[in-house]
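Two complexes follow with chain A in common, the first pairing it with chain B and the second with chain C.
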Partner chain A sequence: MSMTSLSGGAFSGQSSPWASRIAVAAVHFFLMVLFLQNTGADTWASIGGFLFIHLYSVLVLAYWSKMERTAAGDTLIVTLMLEYVVMVLLFWDDFRSWPWSTFFGLVMVQVVAFAAVTYWKELRQAPPTAWFGLIVIMLYIMIAATAPIIAPFGETEIVGSEYEEWGEEYLLGTDNLGRDMLTRIVYGARNTVGIAFVTTVLAFVIGGLCGLLAATMRGWTDEVMSRIVDILMAIPSLIFGLLLLTIFGTSVLSLIIVIALLDSTRVYRLARAVAMNVVVMEFVEAARLRGEGLWWIIRHEILPNIMPPLVAEFGLRFCFVFLFISALSFLGLGIQPPTADWGSMVRDNATLITFGEPTPLIPAGAIALLTVGVNFVVDWFLHKASGLKE
Partner chain B sequence: MHDILKMIARRLGFGLGTLLAVSIIIAGAVELLPGDLAQEILGQSATEENLAQFRKELGLDKPVYERYLTWLGGMVQGDFGKSLANQREISELMGVRLKNTLYLAAIAAVISVPLSLFLGILAALYRNGIYDRTVNVTTLSSISFPEFFVAYILIFVLSVHLDLLPSISNISEDLDAGERLRRAVLPALTLTLVVVAHMMRMTRAAIINLLASPYIEMARLKGLKPGRIITKHALPNALAPIINVVVLNLAYLIVGVVVVEVVFVYPGLGQLLVDSVSKRDIPVVQACCLVFAMTFILLNLLADVLSILSNPRLLHPR
Partner chain C sequence: MSTDSTTAEAGGDRKGEVILQMRGLRIEGRADEEWHEIVHGVDVVLRRGEVLGLIGESGAGKSTIGLAAMGFSRDGCRISGGTVMFDGVDLTKASDEELRRYHGSRIAYVAQSAAASFNPAHKLIDQYCEAPTQHGIQPRREAEAEAIDLYRRLQLPDPENIGFRYPHQVSGGQLQRAMTAMAMACRPDLIVFDEPTTALDVTTQIEVLSAIKGIVEQFDTAAIYITHDLAVVSQMADRIMVLRYGNLVEEGYTRQMIQDPQKDYTRDLLAVRSFRKPPINEENPEIPLVKVDNVTAAYGKLVVLKGVSMEIHKKRTVAVVGESGSGKSTTARVITGLLPPLEGEIQYDGQTLPRDYRKRNKDELRRLQMIYQMADTAINPRQRVADIIGRPLEFYLGLRGDEKEQRVRDLLEMIELDPDQFYARLPGELSGGQKQRVCIARALAAEPEMIICDEVTSALDQLVAEEILKLLQRLQDELGLAYMFITHDIATVRAIADEIYVMLQGEVVENGPKQDVLSPPHHEYTELLLSSVPEMDPDWLEGLLERRAAGTAPSLPGSGN
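This part shows the complex of A and B:
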């Protein structure tokens, strides 16, 4: 697998002449203008339209212009970025109600659609559980990405009286402060999942980097880091997390940093273990003798070879962090109000359960559904990566 | 036998070292506070005299290592200091609650360990069949459920709609044994559902791992029934990883009760910890953390030792 194509980016695709890129971008742009002018404020139509446009352009780029897939993705993201700026200038009035996060959402939708097209061959052979997981993940990404468009009310807007029933106006009723449940759930997708994602990425950067360094450098670096991690891992993470949050207070930033640090110990263990197996191989030895630097060896020789277990671990870690943050929020120590978050929604509306109302089960179920989905996908991925046939 | 004793002694030594290091971390975490504990509790408006008085009371005027040693000495003798929130002795606060937590964990363990072993062996026996696949999907899902989701579903079904069990398990000393058990069933059931999945998956994996070995094939070739092969031939050798995962899950039962206790308003140690964290009652948090961490480390140690002891190759050296 070539890692260079990633850094080469939009300007290194060999099989696609610039003319075809520009043509595709122009068609793309034209469709978007046409469509925005016609649909106006109808949000569902606009989401559908956006999806269609993006699917179309990804398909065209991947097949018709036979573009390298990373290059195609980069091109589309750059195009979208430019497009958005132009659109904002052209349709200023409409765009004031379409925040930047919407654009971010569009890029996400783009990436998802793009991934679906490029991996279609493998996806076709996926078992039903993996399909279920993939669809769930995609759904969550889309909801999180387009939250301001989908949600009927504002995130912290008080729209009615407390605990209203399910009905026409408030599809899932209102919560303990009279905020719309559905809106909170939609925004919760963005906050809870987003924070968990950022935390996992941070944990991987810290843990993965340290693990790789430990495996490559060996000696006392490895020894010292491993002993520290051993001791940190001896304390149950929920308990340790609670202790640290008592001391640093419960802001989103300290939440992210504390949990990322706690989780990076687990990532470190895995990264070090799998990297150890590669470090002893002849080609690493050869690279060393050639006089390559530490960073080069990690990036070009070790990292590509340990990607599959790390990717699978990312999925599992994400689930773990997601559940961890939800549990903390449920205990009232995680994401703080008025930010919409699934864990604290369950806590705030728990009294409804004793009256026989299932409403608080919805955010809890939303958490469960996503973790189940990710687990199914990881299971399939591991099965595929290990080359097992039964 | 000599080698085993040496190995166990080494593990024990390592465990003690970890405990000491953990106690240093828990005690030292407070040093990370911006300012110090007195400033944090009394607030910005406190006068210098008040601060000095308070520091003296808590022993904050002494150097770090001395403070740590007195704290550790107190802990060892069962003197945990006083709560900042209500000035009560921490050991008094924790005593009953620790017993309650252990009671809950014990009930959950009694239900979940035999159940998961049984289900795991069954899944290994009928592997790749319908039963195995169903179990695989169900356990994979239930591992990924947040505890409070499981808990609220149980409340919703068993206590609100069927009205079988109380949704709040506020047990106390003066209840008779039957009522106590009745109130603790729902939280115990929640914990069971959470750990069974993990334990039975490991049991299944441990047994299936062995099924490819030559001696199992031998047993199969001489015409033994699959059930007999698994229980008599595979299970004894799979015991080490199974015992390991069972003990680790026991550790989880004691430590992981925090969320479940909060859902059911169960008066255990986890509830106390969460309350103290939200009040920022640091001495209580430290004491609870130390107790939890200690249980966790000791059970891990036990898992280590047991897996050495259950390894036939070590027990009968050539």
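This part shows the complex of A and C:
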């Protein structure tokens, strides 16, 4: 444990959690300032440096302070967010040249880093498949977050002639309109994954909430909501999706809402079923007899007990939504050009297949890789939550 | 090699050869990714025709040892040392193939919950026939004939046809006997009984005990009988081993041990149930705290309470006794308002309470608290002890912050748990008795006037149960609470009750102060309940069965006896 030795010296001994939080934040801040002064506005070095410093400080805190892991993670996220604000003000000239999305990306990277350190103990015991999945997901998040920095060209910029070969200038060649393939894939991560993520969250908010309400209230509420869901589920979702998108147009907003609504029916079913098992438990009866309100019962008694299946479902549902969007894009009703999207990229470049070119397979592979990665993580999570040994 | 172990003096049936010998048995369990030893080198010797009782509180390792006698260990456990010699073969070294040959044919197992151990999709007799036909001992037709014979010997009603029912179509006691029949199917040399009567009512327990005892004697089978009830094991076993924390505490012949225990722990086990609440001589006040007035209630169309009336006074413990299905818990549900009655009403301090709990106000809810049988399901596994106990404080009394924390700590102290140690724990980090204490603290946090205790001790070991009873009694003395104590265990009633209501099939058949109800003349059903409580006397079961056969003691109508 090199970290434990690192953390010795001045900070050793019994300090209060707050003292250690402030101490680590101060050291962290000092390092960042030092780093930025030396590297200037070089974005690549800054991102690498940021990541390193973050990971280092969280690791120190996690190993050295005796405070609860989650509490450590939570506080640091808050402290460091504040720190960002201060730093942006201090180094305004350097930061001004970065796009806003990059800051958002950095925050995401930081959250992931914190999560990793906070749950280090669990992670260390994770099987290699789960590690693979986690690394893939993190990679995607980083690429999506920092797309404008990573991508060599602009998203919709036409840089060469059509279908150029792989080479020095265009690493993965160009597409049917002469746009750089690598750039499109990097931006595609942002669009496809981002929209899928937002859609899944929305589906869970709608479906999960309704399912919980139905399970807790029973009676007419349950009856009415369940029948509506039955009707929605009776229609094949792809065809229904196509129909609705044809009616409401293919803007990103309507795409998100339509898919979220369709998928929320599945989430509703699951949430209702698992909540039903918890609702009959005596601790829920005890809460009711205490006179607790509906929202409190859902929030405190039921939700924490059904989180594992819901989180697992979130992973799976994310994949389904992702594939659904790609399928819609392939059919021409998904994310509309010129926005880069993996599904439509496969379709646009499909002709290359006939010439034995692997280029169209790359966006397809990107979809496949993320799906596999998410599923590995979900499998691991389910295994852990089910309490199975070996 | 016929034995008459019931009358034989200790040591009288040692002629049998050794069938099972475990030497220096060590078993490890896996927790937090590490192996911990849970059985620390136990020696067990069992001869043909002998019944060995394993007794101890939960976590003593008795079930683990029982399973190890079959060369088997549960998931997450492993036999790490010692030998298990069964008829000359070391089962710890036997392959799975060999073990499978032994299991079911030469070694059989009877589990605690028959309902969970039978496959609900197959008829009893089909499940019976599986082992003998699989092991190639008998063809199906012969096996069926024998099953019927065994059902008869086990005193099951209608032995010709009962096998053609599904598990859910027979009662718990009958199912437990059907499982014993199944274990007997291949005439095994050894049967392991793992708490076969713990989940049953006292009246049903008698039937199962006498059936098991009879059949083991008839076939001269060696048996290991696992239980936490010394009174039960003294009826069944020739020899008893007392276990604690995976170690042997004491071993001896039943009579010897009951009469002259050597170790303190054994003495504690024997002295259990000696707790008695002193009788109260004051008159009850005019107005009862809770009055159940001629209540009739039903689940759907099924009427479960027929004109039940009860009075519960301040600072009194009212015990409601009866077997499962008698309407005890339903009465509690009606009082709390979970099941609105069809007729009749509930009065609190002379005021009529709304029938439905949702129409009662916060204060009415606060004054009436409930403690459940299964502490496991009664507290949210995702909330910490501080939150569980703190919520009623916040909800009813509006306490916040430090004030709340201080009160939670006071309550933890009151239920005899160290606040520093338990304040932030999750229920998963508590033992069964500790969980029940947390439930009690949650009820107390509301500062109630009455607590309904629904079988609060039946899921606990006897020593732990007694401590809970003492705690409840102390709290009553200090806080002046009224208790409604629902139980099927007369021993608990003897310990804690002031007044008793005996219920049968949704009606109160007898009620009155404890000394009146517990002394003759009794209602016939009360007598049956009273006589069914096992006593620490190895001859008690024999005597009772003889008296029942002679008609001088009541027996269950239509129970198949």
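Points worth noting:
Following the convention adopted for this analysis, the second predicted complex is superposed on the first by the 307 of 390 C-alpha atoms of A that agree within 3 Å, B and C clash if a C-alpha of one lies under 4 Å from a C-alpha of the other, contacts with A are read in each partner's own complex, and residues count from 1 in each chain.
Definition applied: contacts are C-beta pairs under 8 Å (C-beta built on N, C-alpha and C of every residue); 3 or more make two chains touch, one makes a residue touch a chain.
Quick caveat: nothing in here was measured; it's all calculated off a predicted structure.
The larger set of touched chain A residues comes from B, when the choice is between chain B and chain C. Once the two complexes are laid over each other on the shared chain, residue contacts for A:330 go to chain B alone; chain C is not touched.
Residues of chain A that lie in the contact sets of both chain B and chain C are absent, per the superposition on chain A. The touching residues of chain A, counted against chain C in their complex, run 125, 281-283, 285-286, 288-292, 300-301, 304-305, 389. Residues 18, 21-22, 25-26, 29-30, 32-33, 128, 137, 140-141, 143-149, 152-153, 155-156, 160-161, 167, 251, 255-256, 258-259, 262-263, 273-274, 276-278, 280, 282, 285-286, 288-289, 292-293, 296-297, 300 of chain B are the ones touching chain A in the complex. Chain C meets chain A in the complex at residues 30, 33, 75-76, 336-338, 357, 360, 362, 365, 370, 372, 374, 377-383, 391-392, 395-396, 442, 446. For chain A in complex with chain B, the residues that touch the partner chain are 129, 230-232, 234-236, 238-240, 242-248, 319, 323, 326-327, 330-333, 343, 346, 350, 353-356, 358, 360-361, 364-365, 367-368, 371-372, 374-376, 379, 390.
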